[in-house]
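In what follows, chain A forms one complex with chain B and a second complex with chain C.
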Partner chain A sequence: MSTTFKKRNILLWLLAISFITPIITLFFLSFSKNWRFPAILPQQFTFENWSYLFFSGGNIAPSFLISLVIALSVALFATLLGFITSKYIAYHKYRKKLLMLTYFPFALSPVIFALCLKYYFIKMSLTGNVQGIILAQLIIAFPYSVIFFTGFWNQRIKQYEDLVSTLGGTTSYAFRKIVMPIAKSLILVCFFQCFLISWFEFGLTSIIGYGKVETLTIKVYQFITEANIFYAALSCCLLILPPVILLWFNKKFIIQQAK
Partner chain B sequence: MFLQINHIQKKYKDKLVIQDVSFGLEAHQTLSILGKSGCGKSTLLKIIAGIEEQNKGDVFLNEKNISNINSNERNIVYLFQEPLLFPNLNVFENIAFGLRIRKLASADVEQKVEQMLESLELKDHDKKMPHQISGGQKQRVAFGRALIINPPLILLDEPFSSLDVETRATMQQLYKTIAKKFNITALFVTHDLKEALLMGDKISYMDKGLLEIFDSKKDFIEADKTGVKSEIEFWNNL
Partner chain C sequence: MSKQKPIHIISFLLLFVFAILPLILGFGFALAYSFGLIGGLNQGFTLDNWSALFENNDVVISFLYSGWLAIASLTLSVVISMAIAIFFHKKFSKGIYSYLVYMPLAFPSIVAAFFFAQFLGNSGILSRICYQLGIIDNIQSFPNLVNDQYSFGIIVAQFFLSLPFFTLLYTGLYQTERIDDYTQLANSLGAKNRQSIFRISIPILLKKSFPNIVMYFIFKIGAYEVPLLLGRSTPETVSVLAVRKLQKFNLYDIPQGYAVAVIYTIIILSLLMLVLKTNKNEYDI
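After this line comes the complex of A and B, so read on.
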């Protein structure tokens, strides 16, 4: 085994450990109780935290479900709308100007952006409910999706569409049979990214949600401000679960398919 | 005339790409269009195919004005510089694509594609994906995909420009054979002098948005602007 190979292996292991250690610590904390300084280990290992939060009024399960519904809706709408909109922008004569507009939500911080929008959300009765949060998060995720897909609509894709047309196919036929299959991997990656944007979103959600919609991220902050590290760790475990599943799905299906 | 083009004009912003182009082409003939890059030859083909819109003029096919008909209803196939095989479909499905659009029965599709694969000497490659075949084979698949729907007119936009010299010569020969076998009517755009002479039953020269069709190959060779004389001179003085 060469020295370079050994060094690379060590580096990879160090990287893996640095990624995995915080996750293990979180799980460890979520099963702990009464861990006071200077004790090296907690005094008690228990399922109590998990059972309390899920079954005895901790309300984690509804938060988990609300977060999942919001993130899946945002990811679905942002990806689909972004894919279609980006096509029109990419082939539009004012392409550059329209693309500039899509960067606008990112020029401000999400919290400031949410404050700017709050008035309109109140007027439309969209504060403090799930629909309002989905819409607010879409304002960030949708432009992201548009920017993500703009590069896809290049000259080659246009030529494929033109070719299908001269072979007798309609625009929708070209879309279904050629464009969508070519874009499949990108669509899944964008869905994954938009899901993550929504899943970890805090600023917009707390301002537009008025604290009435308790997503998992909001819960984590609540536990942290209550200085309850065990419940906070437990919520964090739940917070990282869907992204980990999506990452696994991404690796298993998309990357393998690309190979 | 089978194909009749009347006073086509095309502008991009203020730039006149095609000034005023009119010509006719008989059925089962190939017209070579020679011209430098940017002279408007690709734009002319795209207008005839219906994937670009002209500012003025009309296109008649078999005495029917097709100027306002969508490209997917014109039944004119445009072959790009690159073969543009659909990367998600194998060779068989790429060739069958036009037949699937026309919703032919599976047995008919299979039979027609098998025949086409046979004619193009691609029988052993039907299950392969586009990235698994060579440049020449890709171009043959592109031909097969166009020919199988039996279009009245095929537009070829420098189809062999990305091929090496040897494969290009083979493909030129193959095109001649296919054109004869399938009675193809085609416009063949090229910037290669030799290719224009080899491929066309008639030859034309396009420059600054204007097209001139030569009555004979002799006239084409003798015209100064085509560059044939200077080419011959170059080889004689070598």
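After this line comes the complex of A and C, so read on.
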């Protein structure tokens, strides 16, 4: 076996280790207790942390549910509204200008954007509640969805729609029978992406939620500031699980289907 | 004049309400507050808040620091993911590596920051391994790799978060741009491997990914969670500085916080306009 081949294999192994070490470490920590220096492995492995999640008043399970409700709502609204709006932009004579405007809110730091908008959210009584957070996250996820779908509305789709109307089909018929089947997997991908934008969000949620709406990311931050690394690791595991499943699903089915 | 379809009016309203209006309202509010036109303690138009902001170099340092962190982590990500695309593109197109590369994408910034604090910290995993190997003899001997003066922890965490994005981008580009065909052609005409990498593969990949690199730079300048958990109190990144000025107890700092937000918005929107205008391709993501 040549030296170059061996070196390449070592590099690949290093990369693989760097990709999986974080997940393994967090899972280990979530099942641990007493991890004193200089022991590499924790002195005690226990299910206590996880049972606290399900049976005691740990507030982690409610945080998981709140995060899930917020992320699903944001993903649903952003995907639906983005799909509708993107068509308008894609065929508009000022397509480039409108698209540029759509990019602006998406490119700004969510936490700074939230600080600038907080006043209006206070006036509308939308701080410290789930509705306010959904609306605030939509301001980030909606532009993403619009940008995502604008590429879909190309000349080919327009020609299909024109063909249906030439043959006597209605707009809704063209939408149901032509556009939707083609757009199906893209809609699913956009839904996943918007779900992840919301699921990962911390800065904007902490500003608009005032810390009263305890999503999982807020919970992780609380545990970190309390130096409770085992509960923080547990919350991290809960945060990572849905994206891992979604990304696997995305890779396994949608990308392969698209190919 | 043709009559607008209801769906067009709804679409425009959606775009206005969810994208354009928040930007106008947010920027307008920050601008007015920074010039003393609104706000509880403000008493009419004044430039005092802006001059107070620039009395020390904190803001300039903060912007330069954010830019430096973004450039450092991006350079690492671009170089390594490009090397992966050039040398291992087949491994990363299918099989186990094509799945593993997605793993860091499942990490929210706050989780990545927490992991690297546990991994690189003084009592972290790396420090414990070094102790067991006899490289260090106590906890203090381990160098500060988080909350450190070189921002090593922040750069590594941001590199970890951006590596999969660029790896997927470059392995994809390697195939769509048919770089393999070009390098084979160059090799058959007498070019050495090194020449085909530096004269063909890297220039094509860099040119095609340039808008993505600048876009990522724009996003990274506004990074919040990683610098908040792995950074020091000085210097601060722009987001951390703005939050400190706007959320903490000194009410006289609030107009300055909004001035920071105004400067940040102007810089980011100008950069974005520059990228979008120079990018002749579509703006699709």
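Here is the rule we go by: the second predicted complex is superposed on the first by the 240 of 259 C-alpha atoms of A that agree within 3 Å, B and C clash if a C-alpha of one lies under 4 Å from a C-alpha of the other, contacts with A are read in each partner's own complex, and residues count from 1 in each chain.
One rule holds in what follows: a contact is a pair of C-beta atoms (placed from the backbone, for glycine too) under 8 Å apart; a residue touches a chain by one contact, two chains touch by 3 or more.
Remember, predicted model here, so these are calculated numbers, not experimental data.
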item	value
Superposed partners chain B and chain C on chain A - clash or fit	fit
Touching partner for A:I84 - first (chain B), second (chain C), both, neither	second
Partner chain(s) touched by A:Y160 [first = chain B, second = chain C, both, neither]	first
Three-chain overlay, vertex chain A: chain B-chain C angle, C-alpha, nearest 10 degrees	100
Touched partner set for A:F202, first chain B, second chain C, both or neither	second
Touching partner for A:T170 - first (chain B), second (chain C), both, neither	first
Between chain B and chain C, more extensive residue contact with chain A	C
Which superposed partner A:I139 touches (first chain B, second chain C, both, neither)	second
Three-chain overlay, closest Cα atoms of chain B and chain C, distance in Å	10
Touching both chain B and chain C, residues of chain A	none
Residues of chain C touching chain A in the complex	7-8, 10-12, 14-15, 18-20, 22-23, 25-27, 29-30, 84, 87-88, 91, 96-112, 114-115, 117-119, 123, 125, 127-129, 131-132, 139, 160, 215, 218-219, 221-225, 229, 238-239, 242-243, 246-247, 257-258, 261, 264-265, 268-269, 272-273, 276, 282-285
Contacting residues of chain B [partner chain A, same complex]	46, 49-51, 70-78, 80, 82, 84, 86-88, 97-98, 101-102, 145-146, 149
Residues of chain A that touch chain B when the two form their complex	156, 159-160, 162-170, 173, 177-178, 181-182
Residue ranges of chain A touching chain C (in the complex, touch as defined)	8, 11-12, 15-16, 18-23, 25-26, 29, 37-40, 81, 84-85, 87-89, 96, 98-105, 107-113, 115-117, 119-120, 138-139, 142-144, 146-148, 150-151, 199-200, 202-203, 207, 217, 220-221, 224, 229, 232-233, 236, 239-240, 243-244, 247-248, 251
